[in-house]
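Two complexes come next, and they have one chain in common, chain A, joined by chain B in the first and chain C in the second.
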Partner chain A sequence: MNAIGWPNWRRLNQEGIVFAIAILLFAAAALGLPGFLTADNLVAIVRSVSVLGILALGMAVVIIGRGIDLSAVAIMAMSVAWYLQLLNTGTSDGLAFAYVLAGVLAIGLLNGFLVAYADVPAIFVTLATGSFVFGYVRSQLITQDAVPVPQGHWVELLGGVRFLDIPVEVFVFAGLAFLVFLFLRYTKWGRFIYFAGDNPVAARNIGIPVRPMLVLRYALSAVVALIAGLLTAASLHSINTRVVNSTLLYDIVLVAVIGGIGLSGGRGGVRNVLVGAALIGILLNAMTIIDIPLLYQNLIKAAILLGAIIVDGIINPRDEQTAQQGDI
Partner chain B sequence: MTFRERLQAWRYNLVPDHLIGEILTKRWTDNAIPFLALVATLGVFGSIIPGFFKLTSLQESTRQLGEFSLVVIGMTVVMLGGGIDLSVGSIFALSCFSAVYAFFILEQSIWLALAAALATGLVFGAINGYLVGYLRLRAFLTTLVTFIFGRALFDILVSTYAADVQLSQASSDVLDFIGDGTFWGLSVSVWLAVILAIVTHIALTRSRPGWHVLAVGGSRRSAHNAGIRVRRTVFMTYVFSGFCSSIGGFLIACRLSGAGPGTGLNLEIMALTAAVVGGVSLGGGRGSVVKGLMGAIIVLTMTNGLIRLGYGTGTNQMVLGILLAVAVTIDIRWLKNRHKVLNEVYVAPVYLKMGETQSAAPGSGTPYELDNRLSAADHIGLGELEGPEDVILDRDDHLYCGTRHGEIVRFFAPDYKRSEVFAHIGGFPLGLAFDKQGNLISCVGAMGLYSVSPEREVKRLSAETARSWTSIVDDARLRDPNDCDIAPDGRIYFTDSTKRYDAHDWALDSIENRATGRLLVYDPKDGSTKTLLDGYRYTNGVCMAHDGKSLFFAESWACRVHRYWLEGPKAGTAECVIRDMPGYPDNINRASDGNYWMAWLGMRTPSFDLSLRHPDMRKRMTRRLPQDEWLFPNINTGGVVKFNEKGGIVETLGDLSGNAHPMVTSMREHKGYLFVGGILNNRIGRYKISGAHPNWTSPASYWGGKP
Partner chain C sequence: MRLLRTLMAAALAVTAFAAPSFAADDPGPAAYAKALNGKRVMLVPLAMGFDLAQGWAHYLKKEVEAWGGTFETRDPNWVVDAGAQAITDAIASDTRPDVLIIHAPDLNSYSKLMKKAQAAGTYVLLVDNPANFPADAFVGSDWDKLGQLEAEAAIKGCGENSSKKIGLVQGDQANSSSLYQYAGIMKVLEKHPDFQVVAKPDSNWDATTSRNVTTTMLQQHPDICSIIDFWDGDATGASAAIRDAKLDGKVFLVTTGGGEKAADCDKLNDGTYGAVVMTDLARQSGDMNAIIKFLLQSGQPAGTSHTYIYTLEKATTKADLKPDSCWDLKALQAEAAAK
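Here is the complex of A and B:
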């Protein structure tokens, strides 16, 4: 890839392929599907992938550091559900938000602590905490699956904010993407994430605080999930906790992996998330316009994700010599 | 003795600390935590849920348990092979649907439905196996994706055919029996789970494919290097998991006579939690079917129990999340720290107050007074030898010794310049003795009692004795056979220095100072080995008395020599003949003047004697200090002591220069010369003894003149 993002065919990589596919798909949809290439639909595409993209940004930071956060969707839905429940039962806004922020940070720190200091594989930690967060909030803190946003609350107002007819989550996505880009590219800790993801032992040996940084990444991912959840609630005026059992989580991994962020860590960046989000956004929008049922969409997405993982496995083969025992 | 010291003596000599370490060396301690969790779970839920243990209630819940256990068995095998299979829920659901479709919609026989279910599971498993095994993708994400794929497919199929299934008229007695019947009070699913568990257990522990699975899970690279087909083995584990899940799916199809959107939902996280809670290690190689089943019972009891107690939506996920997080963390920490814990607690020193001793300092005027005579010894094999612990000469004056390299080396008379490897044993030969037929008997460190015939044929005589009743770690094995001697009737008396440590860890044994040394006898007539005496602090040298009616043996860390009676009124008992020596005794051998030679491998020091009265200090020392800073017996000075039949000290020889024989582990008198060996030395010394009998030899002393 060169500076402006066009693929260099001699050094073809996954990002380039995906970008090319996205453009082809875009062109095909623009030509073949009526109503695709309209301003409203293009805004809808960007809007539909904004929340997904925000979650994928958090996931990307974790994956680059050779981790994964399977609790992201649970945190996103359950934290906001709890927040709205607190508001609906009369807790003051500031206090409720403080509770929720503390809870989200606690889960993020717990994830990070177990991964960094107890050496438990990230996959299991986050699978367990995701299950716990969903179960705990659903059974103890809220009373039904969907929690509505109180009338006139700022979350509701946030959903109505438009600038140049573009909804606010698009700007949040863009802003966050820029911030994460700056963080990964220009800050010391951002660069360290690549080192730690590429070779944690070497990173530790040269004095990088690998473990505190791990904790930081999971906390960051949890906060990003909270932001994504607030935006979801803003646009839908409620939060449905059943989203935890949907395939949203795998869509997030899909966006990150298909964009070319290697699951073995140390590679990729914000651009990969954008490319992945573009492809998925176009794909979902096209499938919706063609009127493919949701169940079949899941099947297609799963097939694409499988293909992405196989390609990832071929492009970034696991190194048997350095792969750790039990690294599954 | 001060009160503080008495307290220490009680604390460290009466409390059996060493048992903790010995229990931790047992593999079954891995099972202890899940087993306790199982008992606690059953106890808690059994007591708070009324009628939990009632037969009908158990029959209903065990039906589900049977199906779940089948899935967990499959998951366990995959995890043992180093992978993970998250698609079990999808396989379960799809197999269920296949069976339902074949039976209710195509109206085929129930057996064809079973075949359809199995085929679905095997194909799905084979896809997983191909992706993970042959393409080497990451197991977790790959099976996660195939799980989503399978689930999406199942949802589509169920929503398409649900109505048709409802309307179907198909029925079968076999199906009803599998779904609702019992056989000897247990449902079919439980029987199937039990049979599959037994078969899988036997396959894993006693068959080649099962070992291959464990080997691949334990260390993929080593398994590959050992010639195991790693990829195919991994592939097969996923196929097996698909097979197990498909049987489970078939059973639930029979039980519910249909398939619904909830079939197999959350099954993957439940099965994973069950396997991990049961103690099957992530990353493979450790675990068993039994552990998986224990986990299955725990998880199912908890989730079902909470539902029956009336907790609402989400409780299951909460509990599963907590269980999974706690179990995974314990598993990881336990595997990582087990060795550390073991190292920390294994050394459990005891209190010992050594008696006052006479000085061995030159010029002190005691019989123990060391001199410099041994520094004048000629050297044999200087630089060629490493570790001649014991030396012995045969009737033709050839000299034999063991070496660190696991060989017995022979030096040829008369000048002992030429040498050859007499026999290769493989372990470190320590004590040596010739029997009447000229066979060379040797105690081989960590291996046992061996015999080398004059034709160089090596034969193992004994490697074990009877196990004592109170032992935790099997003490039948000879851990540190040290020295041997042969009675006139041919029986071989030998020592096994410690039950707690291997031979090369002798320093730890001296620091712990626990009395676990044994005196044993091997009877060549029937090949049996018996323990005669137990509970000495590092039994070492053995020597038959000149009259053959008793033997002397050394107790190194207590600096004592005992006499064990073979005949006479005191037969079978031991008495201490020399106590509180200034040196640590090693091998004992006969002298030509009717006395005995005894080697000192090292000298007591006031500091180490003091540390023996402070077991807490020694414990801290082994835990916190690196090995080369430990305080343990001084082995830089030793000597040779001659004592008489009554235990009186006649004289003491030493090497004050420290060049030739700083420590001595053995000496043998032969034709007026004393041949001196040391386990850390690089030579054998030959010292001319003034006034010794010029023709006396040890073989002649034992077995008479040349035949």
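Here is the complex of A and C:
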């Protein structure tokens, strides 16, 4: 990457490879599949990865700071399930939303506090809080896996909002991506995340408030998860907590990592998330159009991802200079 | 003497009259109580958090407790391993259930465990999902037949003057309910060669995936006249895609479910679903109760006989909705909470 942030095409990195694969797939699908290159289908592709992409944005901020948030999907599903349950049992909208927002922030702050001040590895903290959130909300606060949106509620209306026939989650995804981009690139705290992720000890030594910033990132990730959950409920008119058991969490990490955000922290940005989301979106859409069974879809997805990682490994071999401590 | 004789005759007469009434004393209740009292029944569904499991548990509990047994449930929460663990623990515990009702996640996962349970003397009932295992009884849908009903409903929903294009949103390629449903649908469509299946993606039982694949399907084939989604739990996704494509009323959505009011009848009523092949859950639970009572009284060792009790299924449309077409989970929960 050079000074203004454009990729250096002479030295192809993982992001470049994945981007190239995405372009190739796109071209092949546009030529070979009737109905792929229509405005409606392109919108559908972006929409199908909007929620995934939004969650990956939150995850990206955490990963760049050398962390990981495995509680994101639990927070997304359970916060909204609880919100809808409160509404269905007659709690006023403002109060219900205040409860839920407070709960979401509390979990985000707890994640951050345990990682930053108790020095527990993020992977264990968030795994535990994710299970806790799911278990507590599922057993104590809601009665059903699936909680419907009350008729006529703003969440239901939100799902029907269209500008120029484009669903609202596409705009939310674009807006959030832009905001995170501005945050990471042009704010002091955004830049500090890279320093903290690259070398936390050095960052602390030069006076960066590493720990409060860590807490902030997990709180941010939790709020992003809530937004993703609200959009899911808006589209489906209900939220199903079964999603916590699905592979969504791995898909989020995948979108971030395949786009080139290193799990060791300090590298990557919003563009990596967009590239990763584009590849997954095009891949899934093309395979659905060809009508490939789900089992083979998983196989193909895995093969392409493995291929990208292997090519990256060959082009950019790891050695003592590029490897970092804490690399996963 | 005369008096004595009269008295004796009278006594005899009384005995004679009384005797038949002794003989008519029904031995049933005593035998019933002896066989059933204190017996344990355990239900291990895929998860306790959805309508079918909650409905079964409600109806079973009521009946089992009425005959003096104990009823328990385990909640694997859709995790196959957790279900296996629950079954293993149940077999090994001091309070081993006398009847184990299992909702199998796929054809094979629990087969060994069910065999173990039978070896330990526990009757094994399979509910809803068939498995490759000779259980003491299977109670649930004949999924092949259910698929046929869905296909017939879809053909009827399309009509003669339609595009005759049908899309399927399958569950997955492992669950017997999905595989047999597909087989049943194809059987009917073979008899109607003018109808064709234009796409058959999997939803993996997830509503968001169902929405995404249905969106793509409708873009590729905007003239689809009917979609069959394999479960009402994810058909909300297919219906969202139809709504988004502004094809409400043009695409006849067929699905299947447990006949819960909010999940099925309300959605038939508002036109979200065109037809739902509904399982009569109360009757299905009644079937389970009957076979449990039979097995516990039979005295036969577990694994002796293999009975299939298929629930009567019917494709219900808005036109034949009746006030009692569905059961109401909310009402059951309120009833349970009131106790």
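Quick note on the criterion: the second predicted complex is superposed on the first by the 284 of 328 C-alpha atoms of A that agree within 3 Å, B and C clash if a C-alpha of one lies under 4 Å from a C-alpha of the other, contacts with A are read in each partner's own complex, and residues count from 1 in each chain.
To be clear about the criterion, contacts are C-beta pairs under 8 Å (C-beta built on N, C-alpha and C of every residue); 3 or more make two chains touch, one makes a residue touch a chain.
These figures come from a predicted structure and were not determined experimentally.
Residue contacts after overlaying the shared chain place A:R242 against chain C, while chain B stays out of touching range. In the superposition on chain A, A:L295 makes contact with both chain B and chain C. By the document's definition of touching, of the two partners only chain B reaches A:T129; chain C does not. Of the two partner chains placed around the shared chain by superposition, chain B and chain C are both touched by A:R138.
In the superposition on chain A, contact is made by A:L305 with chain B only, not with chain C. When the two complexes are overlaid on their common chain A, residue A:L263 makes contact with chain B while staying clear of chain C. Touched by chain B in one complex and by chain C in the other are residues 138, 145, 295 of chain A.
Of all the residues in chain A, the ones that touch chain B in their complex are 114, 118-121, 123-125, 127-140, 145, 247, 250, 253, 263, 295-296, 298-299, 301-303, 305-306, 309-310, 313-314, 317-318, 320-321, 325-328.
Taken together, the chain A residues at the contact with chain C in this complex read 34-35, 38, 40-41, 44, 47-48, 51, 138, 143-146, 148, 159, 167, 232, 235-238, 240-243, 245-246, 284-285, 288-289, 291, 293-295. By the touch rule above, chain B contacts chain A in their complex via residues 82-84, 131, 135-142, 144-146, 148-149, 151-153, 155-156, 159, 219-221, 269, 272, 276, 281-284, 311-322, 324-325, 328-329, 332-333, 336. Residue ranges of chain C in contact with chain A, taken from their complex: 47, 49-51, 54, 77-79, 172-173, 199-202, 204-208, 211-213, 215-217, 219-220, 233, 236-237, 240, 244, 262, 329, 333.
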